[in-house]
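Each chain carries a letter (A, B, C and D) given by its place in the written order, and its residues are counted from 1.
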């Protein structure tokens, strides 16, 4: 073995700041790219990354991880899991790859931006690994998605989503560009590595891994939990940055950065991971409810981390906790109605047994969402196909890009929020999204949601087909009910005309 | 905005069926490699040239991308068509570099067992303190420049090459740091570990390299940055390292010589994609003119740097001219546009 | 819901529980054993989530390299723990000799 | 007559929907127009009740015969369609 321990030389490898002479510090580290907080290079030199690893360890550990993930996949390739799994689970895989693969790639660039413009050498070095990690996540997930691409055109969205004007692609870009590439290195270290990677990625990558293991989808379970081991390391970039910022009197600004990023991430993750865990995963393979995962990873783990670093809980925390009871349910209902605009097939997920589970996990579910699904099931049973699709568009938020949901059965629980700025009204799903816009209106002004584009006549023809094509969705890739509406047959007591009505409905849809 | 082919039959109303690969790659009519499946078209922020990020057009980063990437004089009709000749992907990179690092560990163990450092000539040990261990600053500057190429690259296939380059530079920052600690133990009092920054900032042998790297760090035009770094600056650094390796072998320091050779192996891989990239990137006259201008501006800085450093090495004065000649040859090869079709 | 596979506690799941979330497998099993050895005084909870196990220790959770080697019966470098460390509660200190999870502020 | 896009909440629903309405429409017509997107799709019909229109945050219903162009609304004004508990009127 080599004679020196890492600790004997590690500090030398991060003692790489010098005083430039042929260009100024401001030219090499412009504030807009480096540090909106305005700390000096010397102040940043107190930065001490807690999760230390050397290049030598990195390539050894990472090649082990890859050998493991790819060999599990190879060993299971002949099991044809994709052909046998429940349709709802296949939909989760399609949703996951389409939403995640290229988002990872923006993080490649983001980490590299910290590797270039971070004023602390320790941040630059850890972000160098972070950039490599995110390339791993892009590539390994694309590779796994591609394995089954000959079986479904929808898997093409693994590479396609973010290149389209699909509403989900727009929403994903808006969040990623706001918290990653649209920020300086210091702010990004908080927004990307602390808020996103220490908080929310756990929901999708460990929550779904737990369900996948119960499903017997060991290839996917192993893949995404392996991805999360990289996140656990490089997410620590932000912890060390927060310590420097707070020590230098920047708590209020850091607090605001955490609050912006946390809320933006919550808005995307509830819509992605929530329906996957509470509706699309086959009932017998569900490990915990989405709310339980949120409480395990966000409330118990992340909230405590916020406090430990000397920050406060975000100002909207009580509201956030309340939304863990309903965002995913109204979001799922809306996604199901908008299924033609998706690259996956949402499962209803509301058979009597599933409703019993939902009622147990979310007391009052039947009285709230169950009654709405009754209406839908009745329409399926009676072949009222036109009622199974929306005849207009949902209002979309100009910050998060998502529809605006509340609790049904409580009068007008759902509320709109808006700001009139410049020539127009900007619309928001919630007080936190409005707050984000109002902090820096010129940063977001001019943004057009799909709804804004329809109103402005940007989408031609403004028909349903025209809009779907504008969003990049062509026949053969548009989503439909994952189970061919079978759930609706079991959702209501048997009726005399049930079989005939349903056969028509199924054939027509 | 979406320049991916979504299927030529899309607008006829026909139902799209599954393909054998991504629709983006299906057009190329041959089975894509693993490299292509996981590397091509994974960057989306170059789809919309006017508003690269999904934020107001005027936010600083949208202006930055427009000004420094999209309006760079280095242009190509389809940056996504670039391919790394080594077809390197993440998993092959970490696997290959793990093997290389095992080799380096072996070198260190072997020479440690021989009491290598203690047996160096004192004068050579001083030379290492002056001209080897301050190298980590130079390599870290290169790591930062490569990181900039990653953030600004107009396609993923190019950004990926830059990611590996950034990681390679960090690899050698780490190994130089490791050697610094070892040499500090064997040769206390020569300023190993404590003196590198001062030497990097003040020793005349380093100043032209430092000027080169600091000016590069302040160069934000993406095309100029990638060309000056890879065609001029890093080959100039390598020329110095080659001279250092020659001196080391002559001066009874095989370990430094072999470490530098291992380091230059990474450079050889970089030179392969740089050469392919420069051929690819100069398909347009405008790009060729820009490259010629940039080379004229940066090459004198590179040559001055390699010369100042090389001539200061023991025995370097006699070799530096030849080494710089070789460096020019390499730079010309790297910079060459594809030969025009007859 | 997860199973609690091991516990050394009065049943309190306090606000000061720290520790790793590990991908299930041999290394996680060794880590569960190592945590019990290396934190003799701490209240411990181990939750089995099938794909992952969550280890929680009150106040501090230490895992030593030598204890891991003992339970794995083979050489083990602490960096290898990263191959299964998917998440964690608390702050982290990672050295070649041990990994430690802790809170600065204890409630 | 022009079309004005409104953001609409329907009683007991859980989503805000964009509904274009004619500026010449009465509030009763607006309510029926909005109901199209909720009632029978995700909410059960309540034919015995009268649907009324109010602004989000407003306490009073707007007059049933008031026309959109008289209401002073701008695009993306947010309205709520709620059931009036009174017995059904003739034109419900």
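Quick notes
In this section, a contact is a pair of C-beta atoms (placed from the backbone, for glycine too) under 8 Å apart; a residue touches a chain by one contact, two chains touch by 3 or more.
Everything numeric in this text was worked out from a predicted model, so none of it was measured.
Note on connectivity: the fewest chain-to-chain touch steps from chain B to chain C number 2. Of all chains, the one whose CA centroid is most distant from that of chain C is D.
Chain A and chain C have centres, each the mean of its CA atoms, that are 28 Å apart.
Between chain A and chain B the centroid-to-centroid distance comes to 33 Å (mean Cα coordinates, whole Å). Computed from the mean C-alpha positions, the centre of chain A lies at a distance of 34 Å from the centre of chain D. Between chain C and chain D, the centres computed from C-alpha atoms are 57 Å apart.
Viewed as a contact network, the protein chains form a star: one central chain touches all the rest, and none of those touch one another.
The set of touching chain pairs reads A-B, A-C, A-D, using the touch definition from the header.
Those residues of chain C lying in contact with chain A across their complex are 1-2, 15, 21, 23-24, 49-52, 54, 77, 79-80, 82-96, 103-105. The part of chain B that touches chain A in the complex is made up of residues 1-4, 6-7, 10-11, 13-24, 34, 37-39, 41-45, 47, 53-62, 64, 89-91, 93-95, 97-98, 101, 104-105, 108-109, 112, 136-137, 140, 143-145, 147-148, 150-151, 156, 159-160, 162-163, 166-167, 170-171, 173-175, 177-178, 180-182, 193, 196-197, 200-201, 210-211, 214-215, 217-218. Of all residues in chain A, those touching chain D in their complex are 326, 330, 333-334, 337, 368-369, 371-372, 374-376, 379, 384, 387-388, 390-395, 403-416, 418, 424-425, 427, 451, 455.
By the touch criterion given at the top, residues 5, 7, 9, 11-20, 36-37, 40-44, 56, 74-76, 78, 80, 82 of chain D touch chain A in their complex. Note for the complex: chain A touches chain B at residues 1-4, 8-10, 12-13, 15-16, 18-24, 27-28, 32-33, 54-56, 58-60, 62-63, 66-67, 70, 101-102, 105-106, 108-110, 112-113, 115-116, 121, 124-125, 127-129, 131-132, 135-136, 138-140, 142-143, 146, 149-153, 155-156, 158-160, 162-165, 170, 173-174, 176-178, 181-183, 442-447, 469, 472, 474-477.
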